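Shown next, in structure tokens, is the structure this report addresses.
Chain naming follows the written order as A, B, C, D, E and F, and within any one chain the residues start at number 1.
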């Protein structure tokens, strides 16, 4: 109830611990919160999660005291509104390349006059503990619209994108970015051009006063990205954590 | 297709790597197989798994090349037949205390004349790759009926239980066993009476030529139980693995 | 079988009793029909209903003798075709603002030559009791494409929207409309500008010979909207009915 | 977290407000809690709820701050253990007729030495906020085993049933009871023999220091049963509440 | 609504066309009704159907105008009551061997004074179109308790089983029966002892005035069993029909 | 593992046997593969299949040794990427009318530099048996982007559509095509204009070196379409196969 808002949590002294859900299982997401993640992002772009299971997952994450985030499929902005209606506190939109893309997304994320989000947040009101009026008047400020920067076009248009009203932050997908930056070569997270681009995103995002996050496939990458100045970096995925733990446990037995 | 039978795998030079599923998610079970478990047990006694999700989980484990095991709720022997029908290769029955209990369970696990398992294995035939006839004539031998030894009564009746036709092995639940052995004291897996009882189970099971397994909550316990001579020890649970991996990854970031 | 078509029912002497489903539960929707609603709308925009559960809900409503309606997410017109294919008799499209929007929606709602709805209504044919040919030749006439009027742009373009071939009616979302009409003030269903706008929608829709409906959050609002001349007004939601009935029953006990 | 235990809540100054779930929908159960029920019972005997959906429903009720209760199918005592494992705080067993029945049920509800509940409460531990040890040592006291008294045999054996260790209370099913008491006549909740039998249950239960509850189909019956001295009476069902509210709302419109 | 009762339909001039569901899919069951089956049996013993999906399947079969039957797992009589509560019109209990078995089953199938079925048929009342009172007073007569005769013991006890009050009919599982009759040889549906046993079941059931059915894996077997005098024989399974149709269609293409 | 790729299979000496799934049931799809289909297409446009059940269906088809195909709703190209991520080997996009449509679709089907498919194929990598790198570098070549040609505009733009990089083939929907070609008359698969248009599609597709397929509602149509030169024709649907087999079996009984 009295927990800090996601926005406040992101502004805390320590980077927020954010997990990543690909499994369509509310209990798996909840377990990640109970084990230490302060927020969990449901990946509806690349994960095995759809709009049918998302409401239960959002509720499970919040019931365990976590912040509930979600990533939508490319361009499916109407789903951003629905995920907010079901209790998501941040929605991440992949493959944003232009200010127009960002505006289209923001329109679905913010109530008028900032955007055109349609009103009907019965479920989010329940989960928020707020009155309907308090939810409506605070939602534009308390929920975050975050755009992914992961192509050459996005880098080129970054300042314009950051200037779009209603956009609260950016998020880097290092894999797609490195693929975009190495059309003829071998993509890689360690390539200097990938890292340089990520530094540039941090610099511009911070200059614009925006949150900036990155997908971190493992702890080493999260440390690197936090070192680059990202506000937060998501840490691994449920699928990878389960596989890593399986391998580690077997190795410990057979060591 | 050509993979060894579960029985053969249990008789191999190295203890079989067996995982434990509590999450009602076929994909989570499958991931554990892909990451190294050669078999996964679905826990319908204490896990969050029911007869509705079990068929998809059994199929997922087998599709990934793993052996599919299941534990039924206490006394729900009819579910043992159904799990076999859906492709389980071993069923574990908890809280078996007498030869009568074991006989009742075996009756549901074996076709006549060994038992009274009713015929109707359409799904198991599909998953086995065998003809219906070959499945029917081989099933009594290739699938395992395993009883849990976890009470004082069970220990007292162990030889009689082991002598029940159709019982292929025993499995120890160390928590319940230690609780049973310490009515007035503090139960514990490290208590000498718990360990002594487990050694006795191994000794008697081996003398009877039966498989003997144990639930191992973590790698150290699995090593201990294998050291006691158990044929196999299951290793942790999906819920614990996910939580352990979450904590480890966060610690590695914040280290 | 012999029940009147939805179009005929809407033209009846008494406004059709229409309920509103937000819960992803076919049985809850069915119960509302059994208790008196002659039609139920599945809300895929703001409700907790997705394309996975919609087919069973449409079938449940129709099996109980009700008319099955659905509202799609903003701009997700392809889902309108699918809902028709699964047996929806009316689809409501939110946030229609221009004749172009309406045309895009109508294209997914009507078979050629009126639109571009693709052919494949196996499920709807089953539920209709018609032959496939009879379904195909009657569907454009018997199913209704209804657009929501809930922004300033929509009001400004109302006549053009109403003139789009294939559009069978309009539906007002009073909350969004009042928010749109009060950018600097406090939105409210009782505001005179909101009510005036609704009257205007009724007037123009009737002049164009179209059905006009409104979302009525409770009985008082439904009475008001019917008083304004709306063809029908949906009455509350399943979530609200359950909450209202809970509070009433507790109050009656503790009175 | 700091909410009183179910046992404490039942001992409060005011009878606990207890709702009844028949719909297989976690959100419907949650809404009943948010609307005022302090506890909700999941009916796995006569409701449309099974062991597959129960875990999510138990979690939803508790996440909303309610106490989670469940009724098992007749004689399916192994499911009582599983529901406890998933977070149920009271389990109600229907059609208990003898002390032996009660003992069999209690054995599945209480850890040794009081019973034979098998250990494995991972999910309940998560939901309780307790450590595993604290859960284990407190569970026998904090969760309630409640038996239904609804036949002539049960009435005849009531004192013996109440004397069974581990039985925490009784619950009357007035429909079954009235049917049992009127073999040749017309059953009815208003029959004096039905009411007299219920009074007797209250008297004996209270003399034995046990909780006593009753199923109350509507507010009037709940008032009656509380007047008879029952500790609590469950109030209507989700299915009935939804139907009643539908009829009331339509009537209010059409007045 | 006006359709004949299942009992009347079974007494018709022509044997009832009865399909068999193993797939956990309400739509597949419904399609079988639309294509010609007048009744469909849900197989919860050997099919991939559990108590979670059964309610939707029962409703789907009835919505399409079919009679809804179900087979329970061995000995799981409490599920028989629940299936009746959800709308099943016949429940088939496998592996009944003695009059005691039959009595235990009948107790769960019939309201007092005939049995001990507990009262709570809200869903069945909805599907029946009857008032609650009319359902209660007619249910013992209109729903059928059918026991399977498929072992030597069952044959030996057949007259005693048939004499159990509340037992409405018998059903033969030819596979299990042939296995039981050929302990040392090769079981087979064509064995003269299997056929002779089936004739005996027909003779004794008819003498007792009971319905008698048999599982017919294909049309030829159904013809044979109807020729033997069975009241009805179920025809194939959904799984087999789909496989047979697939093979036939491919063969027709490649002819 | 060693099975030929879908592309290789399509280039084989004999047309690939392709089934069509409309039922939301992984087991039904799997059964079609086991009965002879070498590939099964999941129809998310007109079938009762959504993004929630698709992952399990794709996995079931592949586990049984089949190739997994899918058709998306009109214009929902983001779902094409997700289906690839979950293991689809071909995605069919309906109602493609222009080269721009085709380009938009191809962008979601191919990784850079050929398109803009975003990277995140964890599930597809698991199902492929490849390393992540091998999957990434081979996916553009091994998975097929297939566009439907079923309108006059599509026919007019066919060469331009076929010339779009990344488009691997075309697929004809004969129903929509015949409706499009007979605006004033009666559509029909036997109309000479329909057949002529299909021949033209084959001719142009082959000239462009592309795969060409067609929907074949029954064996006779499949034979016709293969005779016209189509690379493959899908054969019936699961719903139709089940209905056809039901009718045939009943007819065989009642002869």
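To be clear about the criterion, a contact is a pair of C-beta atoms (placed from the backbone, for glycine too) under 8 Å apart; a residue touches a chain by one contact, two chains touch by 3 or more.
Computed from a prediction, not measured in an experiment: that's the story for all the values here.
S.K.: Tell me, which chains sit next to both chain A and chain B?
M.R.: Chains that touch both chain A and chain B, as defined above, are D, F.
S.K.: Count of steps on the shortest touching-chain route from chain B to chain C?
M.R.: Shortest path length, in steps: 2.
S.K.: Taking A-B as the reference interface, identify its repeat among E-F, A-D or A-C, namely the pair sharing over half of the contact pairs by residue number.
M.R.: Having compared contact pairs by residue number, the answer is E-F.
S.K.: Which chain's C-alpha centroid is most distant from that of chain C?
M.R.: Farthest by centroid: B.
S.K.: On a C-alpha centroid basis, what's the spacing between chain C and chain E, in Å?
M.R.: Here the centre of chain E sits 42 Å away from the centre of chain C.
S.K.: I'd like the Å distance between the centres of chain B and chain E, where a centre is the mean of that chain's Cα atoms.
M.R.: So the centre of chain B lies 33 Å away from the centre of chain E.
S.K.: Could you please state the distance in Å, as a whole number, between where the Cα atoms of chain C are centred and where those of chain D are centred?
M.R.: 40
S.K.: What are the residue numbers in chain A that touch two or more other chains?
M.R.: Expected reply: 24, 27, 31, 34, 48, 50-52, 55, 123, 239.
S.K.: Name the graph shape formed by the protein chains and their touching pairs; answer line, ring, star, complete or other.
M.R.: Contact pattern: none of line, ring, star or complete.
S.K.: Could you list each pair of chains that touch one another?
M.R.: Result for touching pairs of chains: A-B, A-C, A-D, A-F, B-D, B-E, B-F, C-D, C-E, C-F, D-E, E-F.
S.K.: Can you check the complex and tell me which residues of chain D touch chain B?
M.R.: Touching chain B from chain D are residues 50-52, 55, 78-79, 81-82, 85-86, 108, 111-113, 116, 118-123.
S.K.: Spell out the part of chain B that touches chain D in their complex, as residue ranges.
M.R.: 22, 24, 43, 45-46, 48, 50-53, 73-76, 94-95, 150-151, 173, 175-176, 179-180, 183, 237, 239
S.K.: Quick one: which bits of chain B touch chain F in the complex? Just the residue numbers, please.
M.R.: The contact residues of chain B facing chain F are 26-27, 30-31, 34, 55-56, 59-60, 63, 123, 126.
S.K.: Which residues of chain F touch chain E once you look at their complex with the stated criterion?
M.R.: 14, 17, 19, 23-25, 27-28, 31-32, 34-37, 48, 218-220, 222-223, 226, 235-236, 238-239, 241-250, 252-253, 255
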